[in-house]
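The following pair of complexes shares a single chain, subunit A, combined with subunit B in the former and subunit C in the latter.
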Partner chain A sequence: MTTPPPSSSRRRSPLAPVAAVLAAGAALGLVPAFVSSPYALHLMVLFFLSVIMGSAWNLIGGYGGQYSVGHAAYFGVGAYTVVVLLQFRQVAPWWGLVPALALAMALALVIGSITFRLRGPYFVLASIAVAEIVRLAALNWKDLTNGAEGILVSDIPPLVVGGKVITNFVSKVPFYYSGLALALAVVLVTVWVERSKLGYYLQAIREDQDAANSLGIPLTRYKNVALVLSASFTAWAGALYALYVGFIDPATGIGLDISVQIVLTAIIGGIGTVGGPVVGAAVLVALSEALRANLVTDLLVKGGLVRETSKVGLFLRENLAHAHMLIYGLLVALVILFMPEGVVGALGAFARRRRQRLAREAP
Partner chain B sequence: MSPILDIQNVSKFFGGLAANSDVSFSVEPRTVVGLIGPNGAGKTTLFNCITGYYPPSRGQVVFKGQRIDGLTPDRICKLGMARTWQKVRPLAKLSVLDNVVVGALARTRSVPQAREVALEQLKVVRLQHKADHPAGGLPIGERKKLEVARVLATGPELLLLDEVMGGLNPAESEEIISLILDIRRRGLTQMVIEHDMKAIMRISDRVVVLNSGEKLAEGLPQEIVTNPAVITAYLGEAVA
Partner chain C sequence: MSLFLQSLLSGVLMGAVYALIGIGLTIIFGVMRIINFAHGELVMLGMYLAYFLFTLAGVDPFLSVLVVYPAVWCFGALLQKTVINRVLNALPQNQILLTIGIGLILSNTAMLLFTSDYRILTTSYSSSSFHLGGVSVSVPLLGSFLVTAAVTAILYWFLIKTDMGQAIRATAQDRDAAQLMGINVRWMSVVATGIGAGLAAVAGALLAPTYYIFPQVGQPFTLKAFVVVVLGGMGSVMGATVGGIVIGATESLAAVYVSSGLKDMVVYVLFLLILLFKPAGLFGKSRV
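After this line comes the complex of A and B, so read on.
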């Protein structure tokens, strides 16, 4: 009799996934040596940021089952703290990260202690509300944040170690490596969490809070631990993002769409799995870039389906780029409809069915 | 011998409804106490009050000499009391073994250690051959066994079993009965809610009868079956 692969046997060998992650990291580390296209590197930086945020959310949302739709709060706190300290107090970002992470973790602890009493949709709504409060605070605390005008990052000081300039942050390469390192870190943390007591407890909480509680699990404490961990990585991603694009304002730094984007990355890839947010990040970055750059029209024209100068061609050329959010939303809805366990979950189910069929056909 | 569990004048009100009113009895160590009563008598409510699922409105619960009413379920579990649920609550997406590992982690930080404890407890309930199956896919008989293995893994001194034979066929019930007797031999104390009177009579050292939230009778099994008040509560007024 064939059965689904046991989740427990996967946990027996932590070395295999760690080796796989490190190998992928090493391969990606070589990319800038061969690829000089700033556009390609830019897409990779976006991919890394998306991996960091999706994986960070996955810790509390995917493993703990607490669907926070307010992670923009931590993203924004990380971004604003580093940028404000850099622009107004001339604190180098790598030092600014320390208070940024501390603030985000403290905020997570406060938010968690209040909102984790709520369950299901009430928790989701509360998480949205808290992030909106943070956004409105940034919008109106003009002395600190410049309000809606936002803050431009003028120049990041060069990173000097032992009298030697490591990087001056002019090209995309230092951001590429920062993003890669942090993405590897959060994926490795996920591998560890999945095998630890924390991971078992979070999954128990996700499956049934009352049962978990009666088995000796202090619910709020473990949810808070996961949220604080999640918030710290999210804040780090926020800081990296703000320094990378060189600008931060309340809409792009703490807006609801950031929270939603983070959740979608994990859900589309497959929540509660190590690889899910990585796959989700790849899919979403590729998708949104293809739609934004109007690759669809290009393909239709090149494939001879639509003439560039025809009415349809002109209409598509004119409107498809603007409608990219609409198409993006539709595709996301389709994925969620047909792959409720995400891409990774769907692939896993496919592989299981295949194995079962092969086992049946084997003599 | 001092009782392991002492329930003192416990009442639980939901609005104006008294689900438990002024219930008192105690449980001696290493015994099995059967808790019976018609539907709606307040048996599960009493379990919920004892295990911290909600605090009693009045009265005290003393476990191993310590007041535990008002403590949270996780604290009470850590003190050595564990309960199963009438409607089983498997952690559906986790494997059978991992369900028990979660229970075992109440006593250890180390996952490998917890796995060892969990495998042992799966053997106790004879479910080791299903260790790698997802818990959500088990049939009801095995789910009930899983519940027992999971609470055993938390290392309790007192087990509260809420209708672990509910919905089982006679062969499965028989397995559970021998499991309860086995657990008793290992020196654990148990309080068992059950509807099957024959089973209750076989496993219980003492029986407590609840009716409409109040304690109706308490005593040895043979005293209870011949108690006129109990017979009336179960069967209605005698005809003629």
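After this line comes the complex of A and C, so read on.
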């Protein structure tokens, strides 16, 4: 990392960002009162889930510089624990979350203790291998997980919140609020981490492990703390996702694609910043929905670039909807090649240059 | 005992192909210190090339390597010159993400072009086998083993005897020193990536008669190639050769004595154990 993130160059009071996050949260909290379109709420739920996962990864990957490409393991453990307990033991999901998070944390500690001795590409490889081991375990432990068939969530018991009984889990509203709350929580945790001793230690580890170690920072301990924090939010997101979609199987719940998407969210927005994963989530969710709904093809047709009835037009209409992973691939390649600091980093650099120019021009 | 020999033999035959994939990965790593996460997708590319050469032009998959290798060599070289070359000095994580991105682009482009249908390349000898001292030997696997052995022998000759091979090895040993000795290290990087990509595609072509061919087929090969390379030692061609055979045999024995569903798990656990206890691998000197 060549340029330090803004937080390390000047220490600001956490009040302003916390107030901003809470204000954004309050505004978003009002949305379901005015918007009833299930599609809009659905997109927001996807956005919140993406924010949670990207920000959770950012704690260990962005601040700590430990690029785990195996976060699907925690996502899957969270999702499977809650769903298995709900379907086979009739445990309500909000209670099921307790063992789910505990398991994810324990798994993170085990994985961390093993893999944090490794560096760079070796760590990345080990994290992938661990996630694959978890996926194969879920695939083969058929008594518990139904194997490749996956588990369908039949129904969720009623939930009482402050005297109000919620029974309608087909509606998107409960998921909207739980997603929002968790997204706010993880962003606030990021704000806190960025300004805490943990955050400074992590950034020191990211910049130079050996230097950090020689200054007396216990490397493995702080990496483990960050990973446990990251894993628990990821598991929570997994549980929420599985309940929201109502289905979980090893391929969609623990596959390498999930791990890659999590990393992409943070990378595209900009790693090691509070706003990065939020921006990344917005970009990725908007983009994949635009593809799915064929908005891109419509745009190309309307712009006169492609004729609707031509072979290319038909081909695009038919296939571009399934191409979101292709676009992810292109995006990550472009971001790495042309703005390795992500969208937020690129905007920050632009703002800095502008300020410098203004300062020079000022008399 | 014959069960043991049987699974050992088919494991070794399969392992030779893993070795070929791993050698490609290790050459690219050796020269540029970049781990190619799109390696399995190059195997996939080789499979599709062999498939279309067979179905459209009637070329036998074992002969098609003569076309597949140069074609994918050029593709790999182009990829190096246009994209990978730009991140030679970037963070290793960014290099990895870039190649993951390339892999996604390749597999999803294949899905757009060829759909995600499973394809099968059926030759006259696809399911034939013969008996040898109580052990049955699959003809396509034996064929791929023999071609692999020939390709590996040529590669060793190239790396050890020719000037260019020595230049590649010198670049892998010490890029700066090689440059000071007048070696064109930029060109060597292009050549090495071409060779690595070509070998992966050849392996794909050799696997085509015995494997389902579909756009996502590559991913497990990427992981397996890493296991092979880490076992042998990053950057060691010799290590990858031995590593491939060992992993093939382990996988095949695990399928028989543990369970066929868990054979990959056994391989990954082995991988973690190697990373932890012998990270330099069997033949490597690289530092973790």
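Methods note: the second predicted complex is superposed on the first by the 339 of 363 C-alpha atoms of A that agree within 3 Å, B and C clash if a C-alpha of one lies under 4 Å from a C-alpha of the other, contacts with A are read in each partner's own complex, and residues count from 1 in each chain.
Note that a contact is a pair of C-beta atoms (placed from the backbone, for glycine too) under 8 Å apart; a residue touches a chain by one contact, two chains touch by 3 or more.
Being a predicted model, the structure only gives us computed values, none of them experimental.
Report the partner of subunit A that touches more of its residues: subunit B or subunit C.
C
Applying the touch criterion given at the start, work out whether A:110 contacts subunit B, subunit C, both or neither, answering first, second, both or neither.
A:110 contacts neither subunit B nor subunit C.
Is A:359 in contact with subunit B, with subunit C, with both, or with neither (first, second, both, neither)?
neither
Contacts for A:23 in the overlay, against subunit B (first) and subunit C (second): which applies, first, second, both or neither?
neither
Would you sort A:67 into first (subunit B), second (subunit C), both or neither based on which partner it touches?
After superposition on chain A, A:67 lies in contact with subunit C alone.
Of the two partner chains, subunit B (first) and subunit C (second), which one does A:299 touch, if any: first, second, both, or neither?
After superposing on A, A:299 lies clear of both subunit B and subunit C.
Scan A:215 for contacts with subunit B and subunit C and give back first, second, both or neither.
A:215: touches subunit B, not subunit C.
If we overlay the two complexes on their shared chain A, which of subunit B and subunit C does A:195 touch? Say first, second, both or neither.
first
Across the complex, what residues on subunit A touch subunit C?
1, 65, 67, 69, 114-115, 117-122, 124-126, 128-130, 132-133, 136-137, 139-140, 256, 260, 263, 267, 319, 322-323, 325-326, 328-333, 336-337, 340
Can you list the residues on subunit B that touch subunit A in the complex?
Checking each residue of subunit B against subunit A gives 51, 53, 72-75, 77-78, 82-83, 85, 89-95, 97-98, 101-103, 105-106, 109-111, 114-115, 131-134, 150-151, 154.
Give every residue of subunit C touching subunit A within the complex, in rising order.
Going by the criterion above, the answer is residues 35, 83, 86-87, 90-94, 96-98, 100-105, 107-109, 111-112, 219, 223, 226-227, 230, 259, 261-262, 264-265, 268-269, 271-272, 275-276, 279, 288.
Please name which positions on subunit A make contact with subunit B in the complex.
3-4, 6-9, 11, 195-197, 200-201, 203-204, 206-208, 210-219, 272
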